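Structures given as structure tokens follow.
Both of the next two complexes hold chain A, though its partner changes from chain B to chain C.
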Partner chain A sequence: MLGPNRKFTEGLFKVTTHRDRTLTVFSVIILLAFLFYADRNFDSYTVRILENIAIFITLAVSYNLINGVMGQFSLAPNAFLAIGAYTSAIFTLSQEEKLRSFIIEPMLWPLSVISFPFAISLLLAGIATALVAVMMATPVFRVRGDYLAIVTLGFGEVIQVLANNFLSITNGSLGLKGLYPYTNLWWAWGVCIFTIFCTVRLINSSYGRAMKAVREDEIAAEAMGINALRIKTFAFAFSAFFQGVAGGLLAHLITTISPSLFTFMFTFNLLIIVVIGGLGSTTGSVIAAVLITWGNEALRVFEEPSNFFGFQYEGIPGMRMILFSVILILVMLFARTGIMGRSEFTWEGLLQWFRRKIPALKV
Partner chain B sequence: MDYSFALQQLVYGLTLGCLYGLLAIGYTMVYGVLRLINFAHGDLLMVSAYMAFFGIAIFGLPWPVSFIGSVLLTALLGILIDRGAYKPIRKSPRINALITAIGVSFLLENLGLVLIGGRPKSFPMPSLFSGSIVVGTINIPALSIWIFIITSVLLVLCVLVVKKTRIGIAMRALSRDMETVMLMGIDKDRVISFTFALGSSLAAAGGIMWCMKYPAVEPFMGVIPGLKAFVAAVLGGIGNITGAALGGLILGLAEVLIVAVEPDWSGYRDAIAFFLMIIILLTRPTGILGERLPD
Partner chain C sequence: MALLLDVRNLSVLFGGVLALNKLSLEIAGGEIIGLIGPNGAGKTTAFNVVTGRIKRSSGSIFFCGRDITGWSPSRIARNGIARTFQNIKLYEDLSVIENVMIAAHSSISYSFLEAILGLGRFSRDESRIRSKAFELLELMNLKELAAERASSLPYGSQRKLEIARALALEPKLLLLDEPVAGMNPTETREFADFILRLRDSLSIGIGLIDHDMSFVMGVCDRIRVIDHGVPIAWGIPTQVRNNKDVIAAYLGTDFGVVTGDHAAN
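Up next, the complex of A and B:
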């Protein structure tokens, strides 16, 4: 049944006025000014958290595209991160560094001599990840979409197996070390803003409307002339591209990557982010990515020994994950819409809120 | 590769296949009835192993009591998971149920990690299951024989329950058309609870035997077997119990024999199930014994 879905039609008639565009450009400038300030004045720990937040926003926004907007349940982000991280790392490592770290087996010939600038390696990471996504989507989307969950979950495990065994490409369990820390605030937030821009433009285009139509009712959408298989594959590859790029950023932030780094934990964190933000809402993903990434740092107190009002607390590792899984289940059971539901931030909405709250303000 | 080596590997493959099969039956029943990939199913294997372990090692119960208690408690846990986490969202889109299932699975794993700790515990093996029988040149562990017998008995029982009893008929009806079944005056939730109980107790039996074969109990031990068992269920044809057992056997044999033939590939063992899954989806998505279900 394709009922009159209010949120759906609202998306159809979204108009971007001159005013909205000015406001958006203006707020991006404010964000950049803040980053400039942060770059100069904040300590390295805070800067690191800010970089993490940007990478997680990139991941969450692209993950939300496939899980929320397209309505297909993928569990691949950790695999895509791994592919992106390895691809970009292989291309940025210098020839000498590769000679030095590949001690078990020398690196495969063409890869051992190629080195690219960081930007090109990120692009290649994105492209490689998107190609893998297309290869995975082809068998999966021929049948029921929920096989995607198990195939992508399995793929996350297989990627670790492959990374451990392709010694001449990935250096096995030793991993790749000594990556140059290219990722700074500008790279992280630049990619983040670019991802949000591309994703929002895609969602508001006819492709985005086709995705929502397939999510709501695949048969009805096909009857309207939408090629569901193609649009699903496209959405999957699009989201994989940005996850691959984020993987490249992450690799050059932590500078050492190994197969055991890319566990299901990443995917689980992202799943919580998109669910808490509201499945299908890009705004929600951004808000939740900030909240959870910051909260993940703040909640470390539960896992470290501390002293609460005279009570000695030993600190239990794993507490955060229990907390997060309980939150995930509770949100799914009692607050399914998350923070934003499926609605998006609009300047009009914000201005109206201001008009209601502060009647004196004439905007 | 000579004759006896092949037979020896066949024994190992069959043992592993039986365990995958037991786990796959639970997946296939829940998926058949609810169209839900119950991600927490693999973790039930871990829970049952811990319960049997604590029964023997901490409470000093004789092993049959401990094993049966573990199976019953795991069945109860299966019902609780369904009632607590899946029942409230039965009407909402499928993706919500999948997310909840992931949440439950992660909760179980991390509860295990926090409450019991991540250090693997070695499982005490009752003497009945240790030792082995030598037939000619091949060496058959007693445990393998027991696993084969127990799996066969449980499979036959399970098929009988589903084919012959009233609740089994209700289960099969439910997998075809939920609304009509409810119109017939059948308590849907009771049938679903029964499905979870049956599937979970099979997983528990599999979990205990898994621990005797690979005697290390740790909180994440259920993840990979769970994943592979789902592949086995798809391979056999999802929704089909005999198919699930057959899929488990094929997967277990494939994993053991491929590594036996080409020992260099032993690193890729965990990837075999994944590639098998891709091949099934490309060639025969309904599995070996599966029929095309009305969707």
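Up next, the complex of A and C:
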């Protein structure tokens, strides 16, 4: 939609017209109708993929705020995901379930007797994760670039160690089992749309501009009155809130969580998504999250025995990963700035594209 | 006019090198003060200390009667000191208008929640910031370039954009580090007129560094000369121009150099 020779207008005249708003509302309604249809007609495997896609969009969009929009190389998402997952799980588990599964050490009172509805647990998961992010920000953002990556990577490891050892809160390596599968299409996509809405609105405000200024030139940002540590802390907490909520959704999708679930691989996948989408582009993060989450499943056919145009194919386990790597390498070779670069989807851009392709169309 | 900046006995040590040695400098509102000296004299260092980027070793800095020594750069900026950089520092990948709008960040009254919900204060502040930014671009003759990427601008326009951005902070004091570097004589003359008009219309204080002597002599009310970090002269342009120490510093005819040359021969 936004070709390289198009006049550069990022952040300019971003006045949402009545037409744009109507089109947005209309497309959200179409999405909801599709979900309604999917909910009734698709098999549970396909529905599961759709739920995963929504959760990964949520994670990618909020991760992109830190790594893309603000340009701070953080590797913290798996830690935030873990905090959110554990917080929400601790609050939704019933008293009996807690009594039954905490066999090494009984659960800490009053956590052992508190239970909340799913919505409140998700909210608490987001708040708890954001609070941890605020506490982490001051020490973590003392460093930049590769050093920041290393420090946040360490943070993820620390969270795993804590989850393994705070037996009376997390049940250690046994994890939390028997969570009620609250997460359905509506929860997953509801949170996803909410996250995109909030993040895009934030980016298009003065707060978003300040984040971009920090990315472009931190010294010049400070010289223009922007308190870099403060805006970094805020963005970190904002992003952590949604990642914590996503962690809660994930926990109630797979219904069993343990410390070993939240390894660096999660962060790594998200990093691939935001880089392929185009660092700094929310649109890119959404597209890449869909492509990669769905592609990961679609490529499974190469691991199963099948018949290709008359050739008998045995299916090679792990083939999926090889193909995936090849695609990654190709993207990085031929589209270095990812699918979208730093451009964003706009209705105007889409309509212009249509006008060019189909001159007869008068839109 | 009231005194804006009052720098007293400011010294800066880089390792063992005294980059600035007991510099004193005063700038009042509506006044244009020049800071000159040979390469490496410590001029940029002086601006860096005043704006909080570099810690001073001794001495103090007062701004509008308050001791701002040791304040963070962003706090100093929010209190009314804006600057430009010798090696241009724009937000290169952002549009020209965004570059200017960013400097108004400290003036917003809306919270992030209001931004997300798009409530009253958000739209009001945004349209205020936007039209203010367009005004400043118009002032600097950059309005047509508002949508361009900052890094795509020619060098001269980038310098102007830096000034527009600095003005968006609505500063009481503006520090310009070599604003006419790279400009031809005509552009320099136009810029000199512009600076004088700016001072008169906004009655802000301006401190500027430059190597173009006719420009500096033409616009400055007073000039401070430093050499190797040491203040060697202070006064109105004609006084400074005829000062022996200043001539010596610029022509390098001090004894060290002369005897050095003899030894080499």
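Couple of notes before you dig in:
In this section, the second predicted complex is superposed on the first by the 314 of 363 C-alpha atoms of A that agree within 3 Å, B and C clash if a C-alpha of one lies under 4 Å from a C-alpha of the other, contacts with A are read in each partner's own complex, and residues count from 1 in each chain.
Here, contacts are C-beta pairs under 8 Å (C-beta built on N, C-alpha and C of every residue); 3 or more make two chains touch, one makes a residue touch a chain.
In this text, all values refer to a predicted model and were calculated from it rather than measured experimentally.
Once the two complexes are overlaid on the shared chain, A:186 sits clear of chain B and of chain C alike. In the superposition on chain A, contact of A:294 is made with neither chain B nor chain C. Contacts of A:345 after superposition: neither chain B nor chain C is touched.
Contact with chain C, but none with chain B, is seen for A:224 once the two complexes are overlaid on the shared chain. Once the two complexes are overlaid on the shared chain, A:205 sits against chain C while remaining clear of chain B. Chain A is touched at more residues by one of its partners, and among chain B and chain C that partner is B. Shared-chain residue A:213: touches chain C; no touch with chain B. Taken together, the two structures place no residue of chain A in contact with chain B in one case and with chain C in the other. Residue ranges of chain A in contact with chain B, taken from their complex: 67, 71-73, 75, 139-140, 142-144, 146-147, 149-151, 153-155, 157-158, 161-162, 164-165, 264, 268, 271, 275, 279, 316-319, 321-322, 324-326, 328-329, 332-333, 336. Across the complex, chain A meets chain C through its residues 7-13, 197-198, 201-202, 204-207, 209-210, 212-213, 216-217, 219-228, 234, 238, 342. If you check the complex, the residues on chain C that touch chain A are 51, 53, 72-75, 77-78, 82-83, 85, 89-95, 97-98, 101-106, 108, 110, 112, 115-118, 122, 125-126, 129, 146-149, 152, 165-166, 168-169.
Considering their complex, residues 35, 37, 85, 88-89, 92-96, 98-100, 102-104, 106-107, 110-111, 113-114, 223-224, 227, 230-231, 234, 267-268, 270-271, 273-274, 277-278, 281-282, 285, 295 of chain B touch chain A.
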